[in-house]
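Provided herewith is a single structure, encoded as structure tokens, for subsequent inquiry.
Chain naming follows the written order as A, B and C, and within any one chain the residues start at number 1.
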Amino acid sequence: MKATGKTHAISEPRTTGETNNRRSTVNRLSAENVTLAYDQRVIAEQLSVEIPDNSFTVIVGPNACGKSTLLRALSRMLRPSEGRVLLDGQVIQSTPAKKVARTLGLLPQSSIAPDGITVGDLVGRGRYPHQGLLRQWSAEDERVVQESMARTGVADLADRHVDELSGGQRQRVWIAMALAQQTPLLLLDEPTTYLDIQHQIDVLDLCAELHEEQGRTLVAVLHDLNHAARYATHLIALRGGRVVAEGAPNDIVTAELVEEVFGLRCQVIDDPETGTPLVVPAARRARTEVRAAATEAS
Amino acid sequence: MRTPTTRTAKTPTASRAVRALRTPGGLSVRLDLRALTVVVLLLAAALAASVLLIGTGDYPIPAGDVLRTLLGNGDRGQEFIVNELRLPRVLVGLLVGASLGLGGALFQSISRNPLGSPDVLGLSQGSTAGALVVIVLMSGSATAVTLGALVGGLVTGFAIYLLAWKQGVHGYRLVLVGIGVSAIVTAVNGYLLTKADLVDAARAVVWMTGSLNGRGWEQVWPLLGLCAVLVPLILVNARGLRMTEMGDDVSYALGVRVERVRLVLMVSAVLLTAAATAAAGPVGFVALTAPQLARRLTRSPGPNLVPSLCMGATLLVTADWASQRAFGADQLPVGVVTGVLGGIYLLWLLVTERRAGRI
Amino acid sequence: MTVLVLVALASIAIGAKELSLEQVWHGLFHASGTYGDVVVDERLSRTLLGLLAGAALGLSGAVLQALTRNPLADPGLLGINAGASAAVVTAITYFGVTSLSGYVWFAFAGAAAVGALVWFLGGSRGATPVRLALAGTAISAALYGYLQAVMIMDDAALSRMRFWTVGSLSSATGSTIDQVLPFLAVGTVLALLLARPLNAVAMGDDTARALGAHLGRTRALAMLAATVLCGAATAACGPIVFVGLMVPHAVRSFTGPDLRWILPYATVLSPVLLLGADVVGRIVARPAELQVGIVTAIIGGPVFIFLVRRRRTAQL
């Protein structure tokens, strides 16, 4: 898939060649020419991505485009079969595990709350990378845990068991745990899945706050393009393991891009609330006509 | 020099009394008061049961005399019975129980499954196979049987680990591979048993049940040495294990070297259970129930390693005492008691858990 | 089907005592009481028993797997084998029953009792796979303790039980077959009739209810069928592991998940496995023989591990 000229003319202009050779000296987290594969199944080849510092970067793309895989590689869950992921200029795999964990946090899609654990206890476990055999629970740990719970609005739930909570509350608790890790970079893999619309917005508002008020770099994989366009400061659109476009949502989200990435005909209008791009899928009839025309043509 | 003042601070973040002991130097230790209480009570119970057990037998000794003798003030006859005959047996019971309890807690935590104990995963069966080979095919001595069981358990343990390895050991895969290996080894054991003449078969069955009869100092020292090395090693890695209970991704993100922690703990757990089984035979159900009971007492979600250890020791010694009281000295091996009691306990657990709507 | 016939013939023709094909033929169709004929007659009952028991085990395994929605469910896992074993030990030790025809009934009752108990404990309403498996394992363990206690205290029981508990077809006689046949027939018919409702159950409780299945009734009947089949088979041959586990998996790999196909195929293929294992057991250990339960475990274990390894972790 080749990048559309238009989107790149507006966002940072660059060619593919430049991306591949770029040294990551500026940004803290980047992937250089990584090839990502599970067993023999290759998800992405020669993929390069820069996460701008202090951005709220959102990775979007259709199902199975490799967005979660990319996030796993960025968070060293997945070792690239070629290329490298750099964190602060160092290959992430060769950085000590705890040091990485103090710089980069991850909220994975699947996490297990041990049976009968309380919210406070779970959030406290986020302090692990700051602890040691003889520094098991410092006053600092306690303060950070309190603060994280307050920020995410779960302080009142501290004594409750995690398994009693609703989906939205539980997600907040896991975010609180990731916050307690106190990392300047935070990666979230589809943090809004399984939540109703109010809780989705809730979680995204929380992310935006974390980004604006504390200047953390956030990277999230999101399914909903409109959410991505509204909250992201930097958008990465993937398809088939390639970056199709990246840049500020206002610059790159166009009807052409959506069609190219998702194969969906749509209009892009201004969000009446925020002025960010709003993707409105074309009516069914309009799309079926196009499909019919396409079939005839072929 | 200023003495470091320690202060305890109750963490308001959790209802459970998790306290931290801190020194001005910035060192701090997590203390879970409930778990601590449980451990102290269990140790007291284990001690009490041990004293009773030492006093039980063909020649009963009152508890007071037992204590006096243990402290070195008993009369000569009692001293011989206590120190040479019964004390080592009780110590073997305590150590085996502790090893099984700790090993069971490790396996259950690693496999994230309350059934993931050495009995289910085939380790006990592996030890049994080793012992049976020695008994049936070589008619070996007691020492040879112990050695055979140790080798059998270790080989089985590592075979399971290797077979379950596929870019890391996943909990469910570990359990299922263990069940498969266990079935194969069980069949081999059954075959060996049919090959044996009746005397050997009877000896084999007694061994397979797990018994403390006739255990002496020569079993105590190796077990004690092993525990002295492994228990600290395990406890150092326990914090990592606590994290892995939240899933590999989360714990990895928190900076735990998941596979390394798991490997170290697996090896330790295999060593502990193999050694315990070699010393006393595959005493059923201690490894399965001790961690579950401990968890219910401490009400803590973590792996509960130390409480499980104490619980295992208490359980085994108490079961041995109960079997001797109920059926007469050396009549019924302790494994029968733990097996039946453990099974009943699990049933009770299922009934109550079902009412509570958990499981 | 053809494979089944071939294996059955092999099972008759191959044995510890070598017979020529002619002798076998003679024994089968012109029995006249010669030594060869007697041998053939014994092997015939043994083969028949293998056919019946194999079908029963495979079918009950398939039903149990569908019922518990647990691809690794097995009569052994649910404690039904242990129930039968414990009942047989009780019969031998305390009631002085020595003949197979006597303790068949005990074994059957034991299996049925454990089946019912697992069913009750596992939660007649809202039984989950985990709960059923836990209940089964718990009961097995408790019964195992009891078994060993008996075997330790009574050498006579030990001497008989150690042969019975490995699982063997060698004790087959015409009367064994006569006694288990009615149960097997009822169980098989019941199981095959249940294929459709069980298909619905496999979709999950809520979906099944939405599809109009009678959850409670289907579950109870399926459990009954599985218990009858497996209890009768265990009574006749002793506990045989892995047949009920392996065959439904093998079948599923080429029929897909539809139980209307899985159940009949499992009925046909399981005897192939069981008889095959029996024949192998007779060949490798000549002139003695390896009990079929041991052979199935030694074959089944690696297959099982392979199945487990092949699956992606997410599916487990």
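As a convention for this text, a contact is a pair of C-beta atoms (placed from the backbone, for glycine too) under 8 Å apart; a residue touches a chain by one contact, two chains touch by 3 or more.
For reference, the UniProt names are A = ABC transporter; B = ABC transporter permease.
Here the structure is a predicted model, which is why all the values come from computation and not from measurement.
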Linking chains that touch, what shape results: line, ring, star, complete or other?
line
My parser should flag the chain pair with the most contacts; which pair should that be?
B-C
Centre-to-centre distance between chain C and chain B (centres being mean Cα positions), rounded to whole Å
34
What is the distance, in whole Å, between the centres of chain A and chain B, each centre taken as the mean of its C-alpha atoms?
44
Could you tell me the distance, in whole angstrom, between the mean C-alpha positions of chain A and chain C?
52
List, in ascending order, every residue of chain A touching at least 2 other chains.
none
What residues on chain A touch chain B, complex-wise?
75-77, 97-102, 104-118, 120-126, 128-129, 131, 133-139, 142, 145-146, 149, 158-159, 177-178, 181
Chain B - residues contacting chain A, complex
9, 11-16, 18, 20, 22, 26-30, 112, 236, 239, 242-243, 245-247, 249-250, 252-257, 299-302, 358
Complex contacts: residues of chain C adjacent to chain B:
72, 76, 121-123, 128, 130-131, 133-135, 137-139, 141-146, 148-149, 151-153, 155, 158-159, 162-163, 165-166, 241-242, 290-291, 293-294, 296-298, 300-302, 304-305, 308-309, 313, 316
Show which residues of chain B lie in contact with chain C when the two form their complex.
114-115, 119-120, 163-164, 166, 170, 172-173, 176-177, 179-181, 183-184, 186-188, 190-191, 193-194, 198, 201-202, 205-206, 208-209, 284-285, 288, 332-333, 335-340, 342-344, 346-347, 349-351, 354, 359
